[in-house]
Every structure is written in structure tokens, then in C-alpha cells.
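Two complexes are shown next, each including chain A; its partner changes from chain B in the first to chain C in the second.
Our next item is the complex of A and B:
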């Protein structure tokens, strides 16, 4: 490369802060009028004179350098190390509904392994007529389907039970992604082996060292579960279970077993570590709920939010966010600017789809006063996303999992936002 | 439909007189009994799946100390952020309950199953059935659930009572929550006043995002047309290429779960690595090395670029029986980078 144009590597956030200060003043005066000609227009710029990169410079592309901050992030203190850990999707910086694989959150129990298609085997055994072994190539010969589904970790927003804790939508709500999966219905594979009448559950496990295993009732297994090998049109990433993962629509992410290697038909739940000691929800009286598989309706404003402040001053403002439900399609999202006193119904970018993220917008005008921004999702069952107070009344503070409370962002007159709790 | 498929379809129905379903595609092949035995190791609460065997508390103490204590503590009390396996009795209805095997786990089968299939961390499926019985017995002992002379076996396994066995209810949200939170929600005058009751900034536990952003994403330095002054080489590492050390720091991320290096480095699942280059193998005091490593040390193994690269290229091939649960570094560049990186840490 003969010419390299290198922009000033200001952090995006630093840039935004500067812009916020400038913007607020400039726009308060009404529609901006340029005092002097803009050199970006009047002077030829390097990119308008020289040449850009040829094809093939990057056979598989990554986002342009200016988007370097749109990445997964970890919260160090949450886990003992990064091998058995989780990170967060930068939902504050994304739009639409599909999560690019490269920034979709990761959750491993013994690290992201590299398992080649040639070395891949899927076994189905237990209460079946014929225990079978499939190769990857075998799976590609079954009729396949495409579906968009969200995958949410049951612990998403789990750090917020006791109070407002993490300052950013990425950290409070980023244990979620939404992809278009290509795969074979689990039903097809179960039928191929022949399920015996006493088979009431399937136990699914992964090929990694943790061999994360979960029990799924037969009714769900025969309903909409997918044995998936593509996401967003391309192979799964290793961190998401390449070459094959399970997709369990609407149910907690821990059940979406990665590197799926075995499906066993059983007469009872196995009661594995992940469905007893973890992913059970302790109530105030010390008893714990188990088998809380479905993810209840939930939403969050992704912008403005602490990592995505308002940088343009008063005037037109797009309030945007995501809504989803594990029990069906989102039918409505309401937004409040005053901490829940009054609500306006937001516009859904398109009608909600079952067990998939729905994008909502509230196109509004900001007068520069502070806002306590909230969003409230409703799904096709008529369920309304509860407040944190409502959730705590039923569950106390120790549930860890399944926190689907209404989130509040305090947007200040300078455009910055903060995670808060309100009365 | 091809003749082949018709044939398998017919055969499928024939096999499965009592079946709900029958194979339609004739894909895959029958799983062999040895294959099923190798992968189907799950253990059910009623003891189904347990192999024959036994282990006592004292043996468990030893095996635990050797394989588990580095993360879970000598008394199963947990080290740092790693799981605590003992204690926490009667805390489930308190603020921040402590959930351990003794205070929370409803089934002993889960302990056996998990230790057997997934532990030790980084060296899964390396324990014998008797060792798993012994570890399980020791965890029970650490929780005051059995006496010190207790022996756990496949025969008395289901007799052990777990304190929180009755502490679980099946998801009842459909009864306790959904009716409450269904219906047309309030749109106006929903509250009289709203006050901020808690702020995340006050707590200040959010990772420093700007620091993360400042980290260079591109590994390769971008070509700059105008010559910039070369950074002055660090005197103590003058012999080693700084770029290689930097590359090694990145590769070392793969090692970090078990090894620490640098100021204040401590032994974790693996020994601390300050001064490892040029040092006799197995010489970190207090670290419990594997027999395999001790044997190599007795033969006079010294860690240097050559030996450490050979070890890292294929840990289990180089040292059969090593406790290091690491698949290996295939790339010679990565091996050299690690050697350079580790060389930059003297004792």
C-alpha cells in the first residue's frame, strides 16, 4: 500500500463527548448556518484524490477501523477467569435486529474449542429404536429450515437485581444475540432414530470439556428446536459452537448447547449441574424455582443510553431499542420519558416475530430537559413487562436469573445517560 | 423416492413395532455399544449410570488436594472467584445466599456426574471412577454430611441425603406472575411522582470502556509514510525482539487461566512462571507437580526455548501424564513468542 490515510485515533467516546458539548450550543440557536465554507467540501480530500484498497486486500472483511469500539466486552469481576465466562454484545451501537456473529456475546464453560467438521459426530441414543451416529455431511442431507431467533442468557440483567449496577446497555442487557439459523428440526432427527413411547425427555450435551448438558422435555424437542449449522448465512463461529449447535427458541441460552455431540432420549430429567446448581432461581424464602426455561417479555432502550449519549443537542431525536419474548411475538412497546408516569406507544420497525428481536423507534423532539427513559414490552399472550419493584415483590433479590424488569436511563441535559432506579 | 430409501423405510418400520416414529431418510449409521459407552456417561439421581467402585474420605482428601484444591481450596472453601463447594448452610433465605454442594445441590448424582465428566478444569475425564467416588466423599465430608471414616460406593450412593433436596419447586410463573402482569397497562398519570433511588455511577463497577477502546485492535503496525523514530530498546530485553515479546503476551492469553507471570504472580492451576526460562523443571516451591513432570525433572529437564517449545507443541506427547490440560501451540511462531515473553520475566 503506497498511501495510508490514518485518522486521528480519538476514542469514539471521547469524540462523542466533544461533539455533545459543541452540538448543544450550536443547535440551540436553531437550524445551523455555516459561518465559513467546510474544508471537507471545498478542499479535495485524500480519499477523493488517491486510490483505495483493491479487491482481495481483505478476503474476509472486518468492520472499518472507525468502528473499532463496536466490540464484545467483558466484565472482569463477574467470573474467576475468561475461560469459563461471558461477555456482552454491543447492543448500544447496533441497529436493526440481526446480530453480526463477530460481536455476538460469548458464553463458555471450558473455552471455545476448535472442532473440525471432519471430526464432528452427533450421536442419538437412549430410548430410541436405533441409536445412530451422524457425520456433519449426514446432517446436511436432511431437509432444512431457516428461522430467526434470539438467544438470551438467563443471567442477562442478573447483576441488576439488587440495584442499578452496570452503566451501559451492553452490560445490563448484552447477553443476547439474534441470528438467522439454518438447520434441521430436532424432530426430524428424533424421528430418524425412532423415539420409544417411554421417552419423555431429551438430554443434550456438548463436545467440549465441560460437556454442558441440559434436559429438554419431549414436547419442546418435537416442537421448534433446531440442530443448526449456519447463522446469518455462514458457518457458526467457533465461539458459538462450530460446527453444530442446538437452537431452543425462546428458552434460556444455556440450553442452546454448543458443539452438540449427543442427544439422549430419557424417561426423566438428568438433573445435571447446569439445571440444578445453576440456572435455578432462588426466591426470598430460600426455595428455588427449577426448569424456568422460557425467557419472559423484555425490552431496553439501546439509544440513547450510557454508552450512546445524545450528541446533537435539542431537536429531532430517535429513541430506539429492542424488545423480545420467549413466549411469542412482541405486539407493542411503550416508551416513557418521565420514569413511568406517562407512556407513548413506539413504532415497531416491522411486526414482531415469534422468539426474535423486534426493533422499536420513538421519533421525537428533545427539548434539552432531563428524561427518565423507560421501555415496556407486551407480547402476544398479553403479558406486560414488569417493573423491578413488581419482580422483587414476587421473587426477592436472590434470583440471579430471569430479570426482565423495565430499565431506566437517566438522560441529563448535556445528553449523557446513566443507569438508575426510580421510585 | 429411491429404492434404497424405500428399503430403509420398510426396515425402519419393521424394527420399530412399538415406536412412535420410524426413520425416513436412512441417514447416519447405527451407534456401536462401545461408542455409546464412551459418550453416555451421565448419572441419574436414582443412581442409574454409576459405574462400580468406591472411595473414602481420606483418599478423597488426597485426590482433592492434588486435583481440585488449587481452585476450590483445601477445604472446598473456594479460592478467589472460583466456586465454593462447602459451607453456606442455612443461607438460602439470607441476602447473598452461599450456594454450595452442601447448602444447595439437590442431588448427589449431579456431583459425581459433573466431577467425572468435566473436572478437573483443563484436564477433564482424567479421573478414575474410584477417584471420583473419593472426591465426592470428601466434598460430603467438607459439608459435615458424612463422618471422616465414610466410604462412598455405587452400593450406598443413593442412601446419602442432600440437605436441600426438597428446596426446589417447578417453575410456577404461569400461576404466580402471568395473571398479575397481563392486560392493558397504564398510559397516563401512572404515578404521582418519580424519584431516582439508585445510580450506577455511585457504585462505579462498570469496566472502563475507554481503556478498552484505547487497546490497539490491529496486531500489525500500519505502514506510515513518514519515518518515525524507532522506540528505544529496553535494556534488559535487548537480546529479544520486543515485537516478539508483545506477540507472546497475546499468545499467553491462552495460558492465563492456569498460569500467572509478572509482579505478584502466584500458583494457580499451574505454577507461576517468573524466571521459568533457564530454570530446572519442577522447581517452584510448594506447587504440586504431576508425577510425570517430577520424573522429567529428576532426569534433569531445564526449561529453555527449545524444551518449552517442544512441551507446548504437544504437551501430552512430550510429557505423558502431565497435569497441564492444554491442547498445545501448533504454530512455531507462537512457541517462539511465548518463550520470548516468558524470558522477559526474571525471578
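Our next item is the complex of A and C:
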């Protein structure tokens, strides 16, 4: 806890300097900074004069009207048709680590289907002792686990390979969410059917028309994969795979099969479309990277950022962002204000948790000069998030997926921020 | 992890017995339990034949239509008017620990007001060196913390003093929610203003017409209280105090002042309506319990329960529920099937966290005979959740608030459950 208040002793003077700029200040007569009379203090507040609205009119509460810009957003040109589409989490406007389902990004290949629990079936077939079909009610009878995990699309930040393209953290890094999942370990389901010794992979398949299918090595399938039916305590949203989706901790989002229909135990990978022509990256020498399942350590400053400029002038400034790694827990995040020349270690809101988002803060003071804001994540394996230059040296320029390079925001003296590249 | 799979070796046989009853079974020719042909397996699935809906039509995603019963509910007779009302979290239908804001219970005394961030002011006055007024933007400039805490109304389970009244966990125990809060420690705000040595209490007040106000001892105010502006990552819902509410970990919900307007440092408690004529309990001898701030250790089985009956027949059964304590972390939860004669220790989904909900599971087998289901929580102070008889011996029959007694569900051979009392 004590580190939370590092620099507290200096924060007070710092704050009052900033508070004046932000229109607040001291009330006491003769105080150094007397506030100009504020009608919201000196006049009766209108909302305190009458009755508010009862909320039983909305049994399921929605965000207040003033927050109606905090929503998932699409990028018109990204997909030809909304039937195959992806949208972005408004990470620039969120704090903490949990992503509400309502604004959690989602990718669908043939739309979001409506599949009732009563109609749901999960087939386990292939190299098993006893092929089985489970109803939703059957799944509820196995021992459950709860875990908070991030889900990141492999294409997150993919448009940035060619240079600074999209002007906002929501669009550059918003193909990610972080929720508390409740489900049955895939291991339990496989043990129920009995995996034959030749069974080395599982092929998981969705029930929508795209029948999105991926091959997962048995080692991972028996490790931490969940057959999940709740996220943040409640049923999955339709677009997140209601009633059942796969949760594949730390691995690319496309493997988190939604509307999970079938799990086939195989002796080899199926080499499906989604793991050959898609979700692979061509290198400079013409060869392709395949089986790039794990999401590398990554981070981004969410505020200030292009959609979250500094509006309060100089003085105390909270720089905040998110960090994550598909290989385990985040151990440290550094922040640079000068495009990577010098770094300060940020404060982690909580110790990093395996394959979950970590919130970081840098409580600092802004003198009004421009900044080239960057964040750099490190995980428990010792991996350090690379620069875009370092990444290009290894991967070339043809990649789409797995762009985990350091992001730069150019914060101008007026507080506005822009997506830029620094060499 | 290993404890998660206690009894796994027996679960398979157990499961297949149950699965048959639930309509699933083995597919393999010659398998012991061949399934009757299932059109959802043998026929093309309609939702796989066409395109689903694009989700960009709902930028803020809502629950699927099949879940429209998983909502907050009111009890008509509980309050005279919805302008002063309370509703209940559908805990019988949730799992895990996080409560989505959309279905998190809320209590309001004069409706839910709409207060824009731009119009928001927070005054710190009274026994301070420098009275201050903060705008919302000012608050965003202080170092922030993130914590998951439960918020329970002191009246939760209050209607049960007289006997088994309400038939459902949502109504008997649903005045509770558990969210990840982001905010500024109240300690930081108080240090900014400078507390005079005579300042021993803070009086916190809401901006709505009820100006709900409570006195909090300085020791608590300087400990873990948060001035919060985000819950589960996003802005507070209107009915949860947008844009700023107080978070008072472990203490009764009425002190978690919504639409927080003013914090006055005082030398004594204010003795407001909400801490004298309300939120006190009259004992048998006519005296009253006052300053009953902490929520005692408590638990409830959420499934099976009256709103979540057993529908799958005999065999494997997951008994699940929630436990919490205002005095620290839950260390153990026991479950009884015979009204408290014998107890089994439940599995905690995660180690208990201070002042946060803990999910427990008992993975068991049901033989179809009736059960008197109970759960009993223990916290890190060694406190054990009491029976209703034990509570009445100490508190009499006139209480409304702080009923943390052991709850009993009578589960009948047909799987339905009823709220009952056992002596």
C-alpha cells in the first residue's frame, strides 16, 4: 500500500497549483487561492430540489446518457460487411481491469447467433473411449472454476504494422477484454469421455454458420482451458458465444471458440482455414509463422491518449494504462515521456495475475511541454515488450497478427494526443 | 488446484448415471447408455444454416432475450413508492463473484438523479486547514486505487427476522453486490485539506434531495474508504451514484453515500436521521444497538434455491453460494444437507479476499431425498455465522438490520426448494 502514496508529501502543493487551473480551489476567506463564486456551490443545486427517477423502470440498468460515447466501435473500412466484423473496447474511457460485457470487443465471422440453452449440445468425439453429447444442464453438473483472463484478438494493433494508422487507443489496442469466467475445465470433459493414447490434439468448433474451428495441442487442452458459461457472473452475451464458449488463457482470441459445438480428439492438427490461410504471418523470406498461439507481453497508455486528452492544464497528471502477457503475470511496466530515451517505473494497481490485464499508473506532474508517451511491459518470463523497430527487424513488414510493439502517443502542449511513430 | 478435482475419480460413473437422466449420453455404438436420436445432433442445426445478426446495432451489448428474467427485482409491498425503493440482485442466477452493474441491487431514498460530471462538485469543509471544492476533473488528478469490495444493505435479509418470508435468494439475500472500484482514497482528499487535531469524524452527504448523510469515525475514513468514480471499469450507473460515490469497505451500504457532495470534518458524530431513527435496532430490553457499521460474516446457498430448483434429477449436483464478511476474508464455508446436524466443508473458488464476495461450491451427489440446505461462513477473525435461534437469543425479535443468520432451503424430492426455518 505504501507505494501507492509515493510522492504524496509533494502532491499537495502540486495539486493546488493544478486545482486552480481546473477551476476549483480554496473556500476559506483569505486562503491563498480563493475560488471565483461557483453557482453550483452558492446556488441551490437543481438535482437536490426534486425527486429523481425510480429505477424499477429499467430492471437491467444501462449506462447514464452522459456516457453514451463509451461504447464498442467498429471501423467502417475494416471489414466488407458487418456480418463478418470486429469492434473495439473503449479502453480509453475505462479504468481498473474488469471489462463490462456490454462494451467488451467481439469478433464474429458470420454474425452473432441466438442459441437457446435448451437447444444447446456439446459433442465430444474422435479418439475417445466414449463419445458423448452434453446438454447445457449436463455441463452445470461438473465442478466449476472461476478465473479472470484477458481475451485479445491476434489482429489487435495489426493495422499499425505499416505505421501509425488509427488515432485512438480504442482502435489501436481495443480488441481486448478482461472478464471473470465461470466454467468447467476442458480437462474434466475430456476425462469424462476418456482420451485414447493416440489423442494428441483437440479440434474445437463453433455452432455458427462459420463453424470457426481451431486445433489445440492436448497439453494446453489438459492445462487451463475452460468450457465457460458465465462472464463477470452473468450469462455470456449473444455476441460472446451464449450459452457456452471456450476460454483459452493467454492464447489468441480466435481460439476462444464461441457457441462451442464440438470437441474432436485427433492425432494431429486439422490445419483448418483459421490456422493456415488466416492467423499466420508471412515473413520477409516468404516463409510463414504458424501456431503463434500465445499473446506476447504488451501494454498501452490509455490516458492520456488521442480519445482522452489532457484538459486540466499543467500540474498533477495521472498517466494510466493496461499491460498483459499470454505467458504469465506482468511484473513491471515502465513509462517514457520522451519516446523511449528515459523511463520511469509505473505503479501496478495490484500484483500482476497470470493471463489477466494489469492496470498501471504513473502519478506525475506535467509542465505543459510536449510528451512522446510510451509504456513498456515486462512479464514473469523476463520478456520485455519490443519497439516497433525491433519487431520489424525480426518479422518484416507483411505481418498482420501479433503486433505487441511499444505504442507512442504524441501529447501536445494543448493536451491533445496523436498516434505517432518514433524511430 | 488439486482440491478442485477432489472426488474426480468417482465423478465419471456418477456423471453418466446423471447424464442419462438429463437426456444426454454416449454416442458410440454398443455403449452402455445409447442416446435416443437427438434431432439437434442428427439434423442440420438451424442457427448454423444462415447468418446471425451483426452486433454493431447495439454498441452497448445487452443480455440475450433468453436471459431477460435475470434482472433486479423489487418487492411491491416493501416501500410505499418507487421514489424510495430498493431492488434485489438476481444472485440465484449469477455465478462467480463479480456483479455486473446492470443487475446490481440499489437503494434510493428520493430517486436516482442525473448529475453530469461538469456539474459535479465535492466540498471538503469543517475542521480542516483549507476548505476545498473539487470538480470531477480535479479528482481524476489524485493517485487512484482499484479494489473489489462487496456492498450490502444493512436491511438485507431483514424481512426474515419474523420467520421465513420471501421465497428466493434474490429476495432474502439480494441486497448485495460485488464490484471492482476505482477511486481516490478518502485519506488523500482529507490530507489535501488538512485535518485539524479536533477532527475525529467525517460527515458524508449525498447530492440528491434526500441528502443521505452519515457519520464515519476518522480512523475508518483514513483507513480504506474510497471516493470512487468507476465500478467494474466503467462509470457508475446513475442509480449507483454517478459520477462519484463513497466506498466504505465492509460497512453497511447506507454509508456508501451516492452522488457524494460534501465531506465535513467534525469533532463528533452528527447523529443524522440515517444513524438514529434508521439503521439502529431495538433490543428486547428496549435499548437500541447503534453504530452497527460492520457487516457480520454471512453466506447463502444460491443454487439450488427456490428460484433455482434442481431440474436434472439424481446424480451429480453442484451446490453453490456466496459468503462474505465485513471484518476481513472468508476462510471457510461449511454446507449442511440436514438442517445443521452434519456439515461438509465447501470448496472456495479462490482464497477469500478482504471485504469481497467469496464463491463456494460443494460438488456432491444427490440421491433424490429431501434436503434442508444450509451454509455457514467463517472469517479470518474466527467469527462463525450464527443460526437464527442464536441470533434471536442475543438480539430479540424487533430487529430489522444486520440479520446474518444461517439460511435454510428445503429441497424436495422433486427438486423444488422452499424458504423454511429449522429450530
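Throughout what follows, the second predicted complex is superposed on the first by the 386 of 423 C-alpha atoms of A that agree within 3 Å, B and C clash if a C-alpha of one lies under 4 Å from a C-alpha of the other, contacts with A are read in each partner's own complex, and residues count from 1 in each chain.
Definition applied: a residue touches a chain if its C-beta (ideal position, glycine included) is under 8 Å from a C-beta of that chain, and two chains touch if they have at least 3 such contacts.
Keep in mind it's a predicted model, so treat the numbers as computed, not measured.
**Student:** Using the superposition on chain A described above, determine whether A:164 touches chain B (first), chain C (second), both, or neither.
**Tutor:** first
**Student:** Could you look at A:192 and tell me whether it touches chain B, chain C, both or neither (first, second, both, neither)?
**Tutor:** In the superposition, A:192 contacts both chain B and chain C.
**Student:** Of the two partner chains, chain B (first) and chain C (second), which one does A:386 touch, if any: first, second, both, or neither?
**Tutor:** first
**Student:** Quick one: classify A:73 as touching chain B (first), chain C (second), both or neither.
**Tutor:** both
**Student:** Who does A:95 touch here: chain B (first), chain C (second), both, or neither?
**Tutor:** It touches chain C, and chain B stays clear.
**Student:** Pick out the shared contact residues on chain A: the ones touching chain B in one complex and chain C in the other.
**Tutor:** 4, 11-12, 65, 68, 71, 73-74, 81-83, 110-111, 123, 125, 130-135, 138, 141-142, 188, 191-192, 209, 211, 261
**Student:** Can you tell me which positions in chain B touch chain A when the two form their complex?
**Tutor:** The contact residues of chain B facing chain A are 12, 15-16, 18-25, 27-31, 35-36, 39-40, 42, 44-45, 71, 80-82, 92-93, 95-97, 99, 101, 104-107, 109-110, 113-114, 117-118, 121-122, 124-125, 167-173, 176-178, 180-183, 185-191, 193-201, 203, 205-207, 209-210, 212-214, 217-218, 222-225, 253, 256-257, 325.
**Student:** Enumerate the contact residues on chain C facing chain A in the complex.
**Tutor:** These residues of chain C touch chain A: 4-5, 8, 11-12, 15, 18-19, 22-28, 31, 35, 38, 40-41, 45, 47-56, 59-68, 70-74, 81-83, 85, 87, 93-104, 106, 108, 110-117, 119, 121, 123, 125, 130-135, 137-138, 140-146, 180-182, 185, 188, 191-192, 207-209, 211, 229-230, 232-235, 237-240, 242, 259, 261, 311-312, 315-318, 320, 347, 349-350, 359, 361, 363.
**Student:** Which residues of chain A touch chain B in their complex?
**Tutor:** 1, 3-4, 6, 11-14, 65, 68-69, 71, 73-77, 79-84, 109-111, 123-126, 129-135, 138, 141-142, 163-168, 171, 188, 190-197, 199, 203, 205, 209-211, 213, 261-262, 264, 266, 268, 270-273, 276-277, 280, 282, 284-294, 296, 306-307, 334, 338-343, 372, 376, 378, 381-386, 390, 394, 397-398, 410, 418-423
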